[in-house]
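What follows is a pair of complexes built around subunit A, which joins subunit B in one and subunit C in the other.
Right, the complex of A and B next:
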């Protein structure tokens, strides 16, 4: 069987995902996450009497904690399979990628397992974020002067 | 009103991500990387600050805010120290998210066993 025919058969038998449904679910779940973040910020400012920027740091930590906890309990993979980008794009996706890497390599030991593999998935976010932020920062310093 | 703005902004970002995920062969890892880079470039002329004023927490929840916070901390230091400040202040604002993720996942990985 030549490769072209093989490719056609693969394309025919790949299950078609309903893109409209996926998009709607991602929009609603992602939107609810955003509104939940805003709600947390307002609750923290009201309860502790802190500024909005401090409350937003607390909010990010809360979401990271929830993402880690639900991943460790084993629920989060099912949530992600349902909501897809609705939970990957918010900061919970970052927490989820670190937590699942830590859990997966735990049996290989603390240093060689968790220590060396925790950033296996999440490292790309930090590396590309830092490099692009450095480039953009330099451009802005040169063009606008700060 | 700000809740509706949060819902709309964060939902739209997630919808764009889902469209990219469905129509290309990119993995979720590519997706988060793309959005962080987009976040830093949106902040080149303080455009993301205006979005945060409009959408509040909805603009801080997506991973684009991670890129925004990276460059924001860097520029805050760079106003006093010049290009060296970029390197020194890069993690000033993002450290909360990164440290929380490291500590929580390390502690929880010790407490829980992986399930499949």
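Right, the complex of A and C next:
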């Protein structure tokens, strides 16, 4: 049997993922995350009398801390399995990916375990984050002149 | 290639399982279960070593023999360099043949052992296999706590270690014949759809076995596959019908028997090297001893996944080996 015919048999017997439902869940949870972040910025600005950009740094620190803490306590993976992209795309997903890799390889040593494996998943985010930021910045410079 | 045996029996077996298997429908058929995936060890890999050590120790107690009475130990697992087997063997100290056919390792070990006993090269042997959910997740997929979203077709690696004692003493279950499968690769690249990867090799091996033995699928009371899961089973039935024109009606999949897929978080069912044997050595052997089943074809299905080769966009190959089991 050729691979094309086999793929037809596989496709006939494979269930479709509910993309609309998953997308809705991710949209709502992701939106709530954004709203929560904004709320934190407002609270920090109000409480400490700092600028919005300074407050957003504190907001990121808070969310990263919570992402790491919930991962270490062992239930953030269950949130992720439910909310999918809604929690993976925000900064919480980045923290979660690093923390879970660090936990996984802890027993293999600080350098050979945590050190060399912590960015196993997060490394791609950094590489492509930096590259795309550079490209977008360059376009902005050319189009808007800075 | 099909071997016929006149004088090989599985005299006894031992089953060690983890928490999810204990909560499953066959939870009461195991010799020993653990409530924690670490099994009192520091890491999952070391826990998997213990699964093999435990199962061999329990088996030796059951058959009332010492390690030096056993001629050879044939064992395998899913970890790189089959470390669970190798490290367990360092304390077991029975001459070891370490083997790998992913989840088809279980039947491969039985075929090798049966051949050597039939040829009178050895008096007896122990065949072991193990798999560990978190150790497999760590090696083949993402860090366990990452819990990346999975599609409906994903399967859940069972945590378990099983051993069986083979000899020419007429006791237990007879191994009647064994078919060595060929590797099948039909361009499936999705490592989250193991059922689709393995279905073709399962179908090929079943067809080859039936052809070599000049049999009809209905000759068997049950054809049980290792870990095709819900969708892989459907694909296998469809594949055999399309390619060979054979209709298989008496098929069950061990991956669907070990867990309750409606209430347990296992997606399309159980998988893993120990899945086929945890179900067959316990539940199926019990039914055979009660004569509810007399002839069973066990087809362990192995997805030969290597993350490296999968990232290079190559199709994932699979292999299945079959063993024909009969009541005495």
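Some observations on this one:
Keep this in mind: the second predicted complex is superposed on the first by the 128 of 146 C-alpha atoms of A that agree within 3 Å, B and C clash if a C-alpha of one lies under 4 Å from a C-alpha of the other, contacts with A are read in each partner's own complex, and residues count from 1 in each chain.
Here is the rule we use: a residue touches a chain if its C-beta (ideal position, glycine included) is under 8 Å from a C-beta of that chain, and two chains touch if they have at least 3 such contacts.
Not measured: the values here are computed from a predicted model.
Superposition of the two complexes onto subunit A shows subunit B and subunit C fitting side by side, with no clash. Contacts of A:5 after superposition: subunit C is touched, whereas subunit B is not reached. In the superposition on chain A, contact of A:121 is made with both subunit B and subunit C. Of the two partner chains placed around the shared chain by superposition, subunit C is the only one that A:14 touches, whereas subunit B remains out of contact. Of the two partner chains placed by superposition, subunit B and subunit C are both touched by A:99. Put simply, more of the residues of subunit A are touched by B, taking subunit B and subunit C as the two choices.
After overlaying the two complexes on the shared chain, residue contacts for A:109 are found with neither subunit B nor subunit C. Once chain A of one complex is fitted onto chain A of the other, the partner contacts of A:74 extend to both subunit B and subunit C.
For the pair subunit B and subunit C, the model built by superposing on chain A gives 5 Å as the shortest CA-CA distance.
Of the residues of subunit A, those at positions 17, 22, 71-72, 74, 84, 88, 97, 99, 103-104, 121 touch subunit B in one of the two structures and subunit C in the other.
Every residue of subunit A that touches subunit B in the complex is listed here, in rising order: 17, 19, 22-23, 25-41, 56-57, 59-61, 63-65, 68-69, 71-74, 84-86, 88-91, 93-95, 97-99, 102-104, 106, 114, 118, 121-122, 124-126, 128-130, 132-134, 136-141, 144, 146.
The residues of subunit A lying in touch with subunit C in their complex are 1, 3, 5-7, 9-10, 12-15, 17, 22, 71-72, 74, 76-78, 80-81, 84, 88, 96-97, 99-101, 103-105, 107, 120-121. Residues 42-43, 138, 142-153, 186-188, 193, 196, 199-200, 231, 234-235, 238-239, 242-243, 315 of subunit C are the ones touching subunit A in the complex.
Chain contact summary for the complex, subunit B toward subunit A: residues 2-3, 6-15, 17-23, 28-29, 31-33, 35-37, 39-41, 43-45, 55-63, 65-67, 70-71, 74-75, 78-79, 82-83, 86-87, 90, 93, 96-98, 100-102, 104-106, 108-115.
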